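The same chain A turns up in both complexes below, where it pairs with chain B and then with chain C.
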Partner chain A sequence: MKHPFTALLLMLMLIGKISLANSDEFRRLVLVTDASSGITSLSNSETRRLFLGFPVVKGGHSLEAAINRSDPFLYQVFLQRVVYMSSSVYERHLLTNVIQLGGQRPQAYTDARALISVLRESPGTVSMLWESDAKANGNLIILGEVWHGNVE
Partner chain B sequence: MARQRGISALLHSFAGRIVLGGAIIHIVLIPFLFTGVLLIVAEGYKEQFVQYVRHDISQFAEHLAEGGDAEHLRQHLDEIALSGRTVFAQLIFDNGTVISASSNKPSAKFDEDFYFGEHNDGIYYISLPVDLEDGTTATLHLGYDEATAQEQIQNAYERGTVLAIGYILLSLLLVAILIPQLTRPLRKLRDAAQKIASGQAMEHLHVKSGIYEISDLSDDLERMRHELVTRNQAIAAREERIRAIMDNVVDGIITIDRNGIIESMNQAALQIFAYSSEEIIGTNLDTLLNQPYFCEYEQPDATTPTAPSVSFIGVSAHETVGRRKDGHAFPMEIAISELTHSEGRLFIAIVRDITERKQAEAEIRALQEDLEQRVIKRTRELAALNRELEHQALHDALTELPNRLLLQDRLRQGILVAQREQHPLALLITDLDRFKEINDTLGHHYGDLVLQQVAARLRSGLRESDTIARLGGDEFAVLLPMIDNEQDAINAARKLITIMEKPIILEDQSFHIGISVGIALYPEHGKDGSTLMRHADVAMYVAKRSTSDYALYDPSEDQHSISRLAMVSELRHAIEYKQLVVFYQPKIDLREGRIVGVEALVRWNHPQRGLLLPDDFIPLAEHTGLIRPLTFFVLDEALHQSHLWQKAGLNLRIAINLSARHLQDEQLASKVDVTMRQWNIAPELVEFEITESAIMANPLRAMETLTQLSAMGVSLSIDDFGTGYSSLVYLKQLPVDEIKIDKSFVLDMLDNNEDMVIVRSTVDLAHNMGRRVVAEGVESEQVLDVLIKLGCDMAQGYYISRPVTANVLTGWLQKTQWHSQRNTGAR
Partner chain C sequence: MRRPHHDLTPPCIGYRHRAWITGMVLSMLIPALSAASSAFQGEFIPFPQVVLHSHNQDAGATQQHGSSALVDFFYTAKYHDWRLLGEAVVSDDERELERFMVGRVTPGGTQAWLGRYHTALGQWNHKFHHGGYLQTSIHRPGIIEFEDDGGVIPAHATGITLAGDQEFNERIVGYTLEFGLGPGLGNQGQLVPFNLLDFSDGEHDLSVTAKLTSYSADDPFDDSGIFAGHIIIPSHAVNIREVKQTQLGAYTNYSIGPTLWRASGFYVVNALRLAGGADKDESFAYAYIQPEYTYNTIWTYYGRWEKSFGAKNDLYIQQVPSFIIERAMLGARYQMNGSQALKFELARLEQYSQHFNSVELQWSAALP
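And now, the complex of A and B:
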């Protein structure tokens, strides 16, 4: 072989590919809030309205949305299953909602731990988490499933 | 740098480099730029596709929520599938019932996508839960064809590539068009620089350009050109100046290359060697060197750079022999120094024709040799002269005896020896008796001869180890270093006295000269030279006063010596402070019986010893030289008194005594003249009395002085006539007016017939020679009468008046029987 280095690189990539293929993991994206919120469930419509920046009151509490952007795939699942929008259209929508309607833009978090802290400390805050993460924090309750499937 | 051609030349040109640089920039950056843009555009297409799909499925889900039977739902799904992009539609109920659109491919497998092209199957699968109105729930699966979006993205890529290539080409085209505009002024600058480089720098350089850098470069080049021109002019001027200096220096300057070839010669060098510049430039340096010294020039080694003459190189000059064009050899000085410059090594030879110098050196050498000989000769002469001077310094010129200085030295040495060997030493000092009379009477010449004979005679009476020295005048000293006792010294003194008892014969005349000897002994009378000298001198004065001719020092007699020295000091003080008094003794004219003059006689009014007569201090004054100021004091006092008498109406001629020493004084006449003028005294009223012996001491000199005084109009008188050794020949020639007979003849003339004869003869002699006669020592009327009878002209003596002060004399004149001569002429 003229290029042993190239062959070695391709081999490593193939192994990596196989390895990645074999690492598919079943995951479940769930809607969560703090247990002290007193909320047990949210409909699809309420969830969509909440994350589009519209006010949602449940059980006498005004809810607030917290966008989880710590995982790009999670965020895409959220966009596709909750708000039915692409990322840029969703951003534009939130901006329009804030400017034209005086609504409040949901806070976005790129750090999962910070997001979980906010959920604990601010009852009535609703966000998306992988189910494994939600269950790892005992104070959070799952309001419903958004999506489930294998994730590479 | 060698020029290249074709593409290589283009790549090495300014334009080529700009084009190449532009191309590289565009080739690197444009794909990067366009790729970035296309990626953004592609992401936009994908985003747009995803938004469309997500929105579309939500709309379909709402329609399907209205529900219906299975057929209705399948028709609905078919309508969705017919909408355009949807290629897969399926509704899956929770109970497992599946309703698919008719157009679905059986092979199609739903795999939900969340990114465009996620599964590379060309279909974007998406699902959404549907809550039907009948309470059932299902999940809507749709599949959208990604081909359209892919085509749009592909199309964007293709167009972008074409645009990028077109952009690059257009850019290169524009660069190719614009570069000549840029390089044209640069070419002009290059042409101008080439002109400057080729020496055509006088033309001004100015290239117009709208580009600052080029116009600035043009200005800089113009400044550089101007600076270059200025510097070139300065260099040319400096070279011209250096050339002028080189051609005007006295020394010849030759530059030689490392092979010894002459490169240049200045005018001085050409003149020295008598070559023209064309003849000598390019030839070897050995052309200028003479054959015998040719060996000093070494031919350079062809392989190594060498000096033209190793032996000549150096800072100092080297003398050799040069050769002119005509072959004439001449002495030459040459100094070669090495200079290393940018083009290699150069040798500078400085040559000088030293023919004249060599000749001068030869002359100088001859002169030096001559001078050395003369110096040697002169040194010998000086050595002899020194010896002579040393001899003169230590010896008396007249007697050739050691002088006082040498005596003192020998005395010092003798004392040291005597001290060391514990034996006595004697110092004798002698003084000749009656030498003064001989000196004054016969003159210094005879005195000198006497001294020479005395010296020889004394020398003959001493041992070789003894020293006899002349101390001055008629004083001699004898040093006896080898005696055993006092008696030896006395015996030596007696021997000397005996030797001197025999008369000294000079020119057939016999002189008896005795000596007085003072003796001082070491260590008894003194332990040093000066003490011995002083004590021997005291003893000698004691001997003079005693009957013996010698005396041993006696401390009790020393007082006399001290008093004598004190008297000299007191006399000097007396003259200075006018303690001397002038007495006047009148002279009368025997024919007219009246006073015609006075003789001034000095007295010393001593503060302790009272009034002293001349015999008490005049000899001392003559011996010490104080006689001169003393006489001038008397002269001034006497003429002052004469002035006062004149004012009182008395015309008395004043006679003043002069000593022998005055007759030797060349200043006497002028001093007398000044004093007479000072007191306004007529010369006729002034008379000088001189003894015979004073005149005969030096008759010629006395004649000269007396002639000067006589010419002034003053009278001259010979005092104490008959007591000396007067020569009638001299007496006849002397310009004297008067002769005074010594009082020793006058006093006894009445009782001594011989004295009477002398007085009478003297009167007759004087009258026969036309001189007046004055008799001194007239102490009685009888003598006066005899003198009148003998025809004596004037008389002077106690009978008439003793010497008295001026005041007493003035009073005496008023009451005496002798009338004085008055201004009115009355007697």
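And now, the complex of A and C:
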């Protein structure tokens, strides 16, 4: 090769690009509940109403929302794809809802394992998980996809 | 040995005794329920706020420059379909049990409540209650102010509330019906709601309210509604014996991009029975529009124009000098971390038969 330095540079850039591509992970965010609930799907508007704190009944079950805050990126995707609002506006809305209807705001979980055990123990509780986490827990059923893409 | 006669008379249970009894019953009931079942859930949320204000002149009962602090203590409990709602305000000049309701909310969303509630007139009562942090602005529009802040239509009543909603073609239509005892007109220039801790506090009569609301199933924030109410207001004002008041109105919230437009109109008819026995019918209208521009997740800029039409010469309105006849206001809301907000407002208003300018700064929060 006439220009070994250029070839070396190209090779390094290629390796760098492959390395960068490998650092991105394809992930899918899914809506899940325990299989024993008998629920198989939720529409977009039912999902939004549920996470906004409004009553949603499906298959005879009064659904409860559980917010997954174990992963900041997952929570941001949830805010943008499900409730369409910033974190502070969402929290304000949940406060508005609970002071009108009473009861309790949807519980937020910062530990994914605690969230999964709540999903298993309380049929009718619905939350968001990465698909890999959902599939690793046989009792959970996927109700729909919220988002997919590459995550660094 | 016979006890003296005066020992047989029922003890007089005053305000403090009732408050203590209520507190003790609740403090015993809540842990008992909590222990009884894991289905018991509850939330306690204090909403504190501090306001600094400066007016360009003395106006009525307000100080020209001053401050006020208030905490709204909110508590709710849930046991299966049953709910308890309580809201008490403590400030430098007020200690009041604002709401206390026991009710049932079915899984389908149908609600039945018993107790002291915020009426369904307008939209502020049911959206923000006393939680100042939840409002974009520092103050509520004058027409929907609470009774002790210059309100002239009932904000609180005690009785039964029924509510629910139904989906029609991807739109949710909600209804609210309320029957209760509304406020009376005191001799201190303000309406006095029924006091759950002191039944002898003022005279009260029937208050009936109905509201229909509608919003998209996908977007519950852009909602609209119509409402109507009727109340008999016993009066302790010098020249009025009774007011039969009818309220009609509508409201809407409409978003265009980052701007939310809140607007509402009221028409109020007051049929007065005067001290001399004569009758007098009066009416007035009130409207407001409040654009709110969300610049980013931290800053929201807003304004409100509100005005009454025909209220100045209304004999009933003249009994409540703190009622806001008109106001033009510009403000900014700064959202802080941890559910706290700072709000800054400049306003030109007419209140206490005076026009004046006002600058206000409020810190508010929802804890924890």
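One rule holds in what follows: the second predicted complex is superposed on the first by the 127 of 152 C-alpha atoms of A that agree within 3 Å, B and C clash if a C-alpha of one lies under 4 Å from a C-alpha of the other, contacts with A are read in each partner's own complex, and residues count from 1 in each chain.
The definition used in the following text is that a contact is a pair of C-beta atoms (placed from the backbone, for glycine too) under 8 Å apart; a residue touches a chain by one contact, two chains touch by 3 or more.
What you are looking at is a predicted structure, and each value in this text was computed from that prediction instead of being measured.
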Partner chain(s) touched by A:Asn44 [first = chain B, second = chain C, both, neither]: both
Greater residue coverage of chain A in the superposed arrangement, chain B or chain C: C
Partner chain(s) touched by A:Ser86 [first = chain B, second = chain C, both, neither]: both
Contacts of A:Gln76 with chain B and chain C, given as first, second, both or neither: first
Touching partner for A:Gly149 - first (chain B), second (chain C), both, neither: first
Contacts of A:Phe54 with chain B and chain C, given as first, second, both or neither: second
Chain B/chain C common contact set on chain A: 44, 86-89
Chain C residues touching chain A - in the complex, by the definition given at the top: 41-43, 45, 74, 76-78, 83-85, 87, 101, 103, 105, 107-109, 111, 126-129, 131, 133-134, 170, 217-218, 220-221, 297, 335, 339, 366
Complex contact set, residues of chain B against chain A: 47-48, 50-51, 54-55, 57-58, 112, 114-115, 126, 128-129, 131
Chain A to chain B touching residues, read off their complex: 44, 73, 76-77, 79-81, 84-89, 149
Sites on chain A touched by chain C in the complex: 44-45, 48-49, 52, 54-55, 57, 62, 86-89, 91-93, 95-96, 98-105
